[in-house]
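This is the structure I want to talk about, given as structure tokens.
Every chain is named by a letter (A, B, C, D, E and F) in the order it is written, and numbering of its residues begins at 1.
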Amino acid sequence: MKFSILIKQGPFTHQASDSAYHFTVAALASGHEIFRVFFYNDGVYNSNRLSEPQTDDRNLVSLWSKLAAEHEIDLVVCIAAAQRRGVKEEILEQGFRISGLGQLVEAGIEADRTIVFGD
Amino acid sequence: MKFSILIKQGPFTHQASDSAYHFTVAALASGHEIFRVFFYNDGVYNSNRLSEPQTDDRNLVSLWSKLAAEHEIDLVVCIAAAQRRGVKEEILEQGFRISGLGQLVEAGIEADRTIVFGD
Amino acid sequence: MNRILHIVNKSPTDRRAFDTCFRMAKAEDSILLIEDGVYAAVANAGFASEVNKRLDDFSFYVLGPDVAARGLGDISLIDGIEVVDYKGFVDLVAENDVTQSWL
Amino acid sequence: MNRILHIVNKSPTDRRAFDTCFRMAKAEDSILLIEDGVYAAVANAGFASEVNKRLDDFSFYVLGPDVAARGLGDISLIDGIEVVDYKGFVDLVAENDVTQSWL
Amino acid sequence: MEPWEEEEGPEVVKHFMYVNRRAPYGTIFAHECLEVVLISAAFEQDVSVAFMDDGVYQLKKNQDTTGIGMKNFSKTYRALDDYDVEKIYVEKESLDARGLTADDLIIPVEVVSTQAMRDLLGQQDVVISS
Amino acid sequence: MEPWEEEEGPEVVKHFMYVNRRAPYGTIFAHECLEVVLISAAFEQDVSVAFMDDGVYQLKKNQDTTGIGMKNFSKTYRALDDYDVEKIYVEKESLDARGLTADDLIIPVEVVSTQAMRDLLGQQDVVISS
């Protein structure tokens, strides 16, 4: 089955991105396909490559980036939400791309299921 | 009277930074002194100079920066909260400085009143 | 005992911050409604009874700019809640000994 | 009618998401508790009665990793709520027609 | 050519519902959800917008944000009609609990019972909560 | 030399209270508040930490975060004693509503009535809510 994921919160402050990550890993392990992960609202902060958590904490930015590289997952950061929050190409982690909100709607159309993670 | 302000949310997602800004402007207009504005939790995002809201929306990053320049306000961004969220010197707006959590405690000691804005 | 200015910025129909604020406030304290907390000041809303029965216990204030932003300028607010602007907010902070934000 | 997987990630003692979830869910729907929503599964908590009286109406699930993280692994959860892991979460999404997150 | 622009083959029209349960201004969720709804109108899907709980406050008439310095986006709801987004549902119970009626709202909406809203939810393929 | 390190002149000792009302892990507020409390211990002020509402869940024993990949910071509460932060108050009503007792908590605390917590709040100079 094809899943699309919407993430509405940044790393750390809310568990949303953590839950979405573990869900995505489990979905892939079960043989499902991830059509797209779309980052909206504060979710755009998940793509900030300057993020540097303590060494004994998880690093969601690099976890998403590595997962995308391993499984060719499309990680899309909403341009409108990113611009106002100051997430620009110059601080974007590898594996993420910035694009329009239409990509979220397309993700909903193309996937069999869309799951929203937020606060 | 001397006030210290604690801001726990970033710009846009919650009204906390807006409310704190208007409170600060009003306090200065009433002749009070602002000892320090401390940015903690997601509040550290208020110092990201890459933030670029739509032209008909307010820009809290530059509003805080200008207010600080006009009234010599000490804007302190928590280093621990900023590191994990990827707010570094290289994207720091003028007028903000990154320092330790002790600055928040000191702000509480030195000011007559400490007011918390968050979610 | 220090006089406390309790600040509530949560809608009473979304979060339970008001429950705790009312439980923890003491007779001489003041309660200021800001941001989404201003919905608690609407006279016709279901939550109004919770505020009405405490009007004699605490001094209630509501932030006018937040009322206007939410389109509540044209409907009745609870009698006995004083509308203040940001300057009034500052005055309340100065007049009380300490502030507590019920986030 | 599409079968809905309702996902609740809010503590029942902080937010009112459960009220609306219970109001909007229909008989054949499933309700999955994740993140701070898992506190609704505690058998001895005050909110348990709200869940208990709906056990016949909906299928309830709770995410085990979130239960363990919060230290609830050593206390009784409500009988009739099935504990699932992330793989079980994925299966629930696939088995139902659509998901609704009550944020 | 993007998939949704295909003119041949079976047209897949999905039922999308955007669920609004937050008050405006206190958080940005109302504003950013409206931006998604406007974009979604271009995709020729079946789009519904639901307002319940504090979400009904988003539609309150006479919002005036000059005092808080934020953008008043409430007038943008009027553009929904121009974008052919016509299925706008407001739960009656949520209005009642807040002392509001349809007359208090900035646009014409369909006020529905809890039962009707529940049925509408059951007809969707994609539900995006804000 | 920083102001709080002065050894001469009148010592100003203020009463600080950190108020915890959020559950752990769902949001970072519990974790980041604990970081402030630990720092504040160095300032020789009168420090209290209060737990009420869902904040009491922060102290629940046997937290195991391996399944969610987040850092288990609950053991750090045990360090409060080493930092001479000894005024730790938990509201009884909040414990009761959640079916918990002091035995369920990771550290010894003072369980207080609502009235006692109200009185403690009234003795503070600075209240930091998390």
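FYI, a contact is a pair of C-beta atoms (placed from the backbone, for glycine too) under 8 Å apart; a residue touches a chain by one contact, two chains touch by 3 or more.
All values derive from a computational prediction rather than experimental measurement.
Of all chains in the assembly, those touching chain A and also chain C are B, D, E, F. Minimum number of contact steps separating chain A from chain F: 1.
The equivalent interface to A-F, defined as the listed pair sharing over half of its contact pairs by residue number with it, is B-E out of B-E, A-E or B-F. Homomeric contact chain C/chain D: same residue numbering on both sides for over half of the interface positions.
Taking the mean Cα position of each chain as its centre, B sits at the greatest distance from chain D. Summarising the inter-chain layout, the chain whose CA centre lies farthest from the centre of chain A is C. Between the CA-based centres of chain E and chain F the separation comes to 41 Å, rounded to the whole angstrom. The geometric centre of chain A is 24 Å away from that of chain D, both derived from CA atoms. One simple way to say how far apart two chains are is to compare their mean CA positions; for chain D and chain F this gives 29 Å.
Counting partners per residue, chain F has 25-28, 53, 68, 70, 126-127, 129 as the residues that reach two or more other chains.
Counting partner chains per residue, chain A shows two or more touched chains at residues 8, 12-13, 15, 19, 22, 41, 54, 57, 114, 116, 118-119. Each of residues 9, 13-14, 16, 35-36, 65, 85, 98-99, 101, 103 in chain C touches at least two other chains. If touching chains are joined by edges, the resulting network of the protein chains shown has some other shape, matching none of path, cycle, star or complete graph.
Chain pairs that touch one another are A-B, A-D, A-E, A-F, B-C, B-E, B-F, C-D, C-E, C-F, D-E, D-F.
Chain contact summary for the complex, chain F toward chain B: residues 2-4, 12, 14, 16, 28-29, 32, 35-36, 39-40, 42-43, 45, 126-129.
Within the complex formed with chain F, the residues of chain A that make contact are 12-15, 18-19, 21-22, 54, 56-58, 119. Residues of chain E touching chain D in their complex: 19, 21, 52-53, 93, 114, 117-119, 121-127, 129-130. For chain B in complex with chain F, the residues that touch the partner chain are 6, 8, 40-41, 80-81, 100-102, 104-106, 108-110, 114, 116, 118.
By the touch rule above, chain B contacts chain C in their complex via residues 1, 3, 8, 15-16, 19, 22-23, 25-27, 29-30, 32, 113-119.
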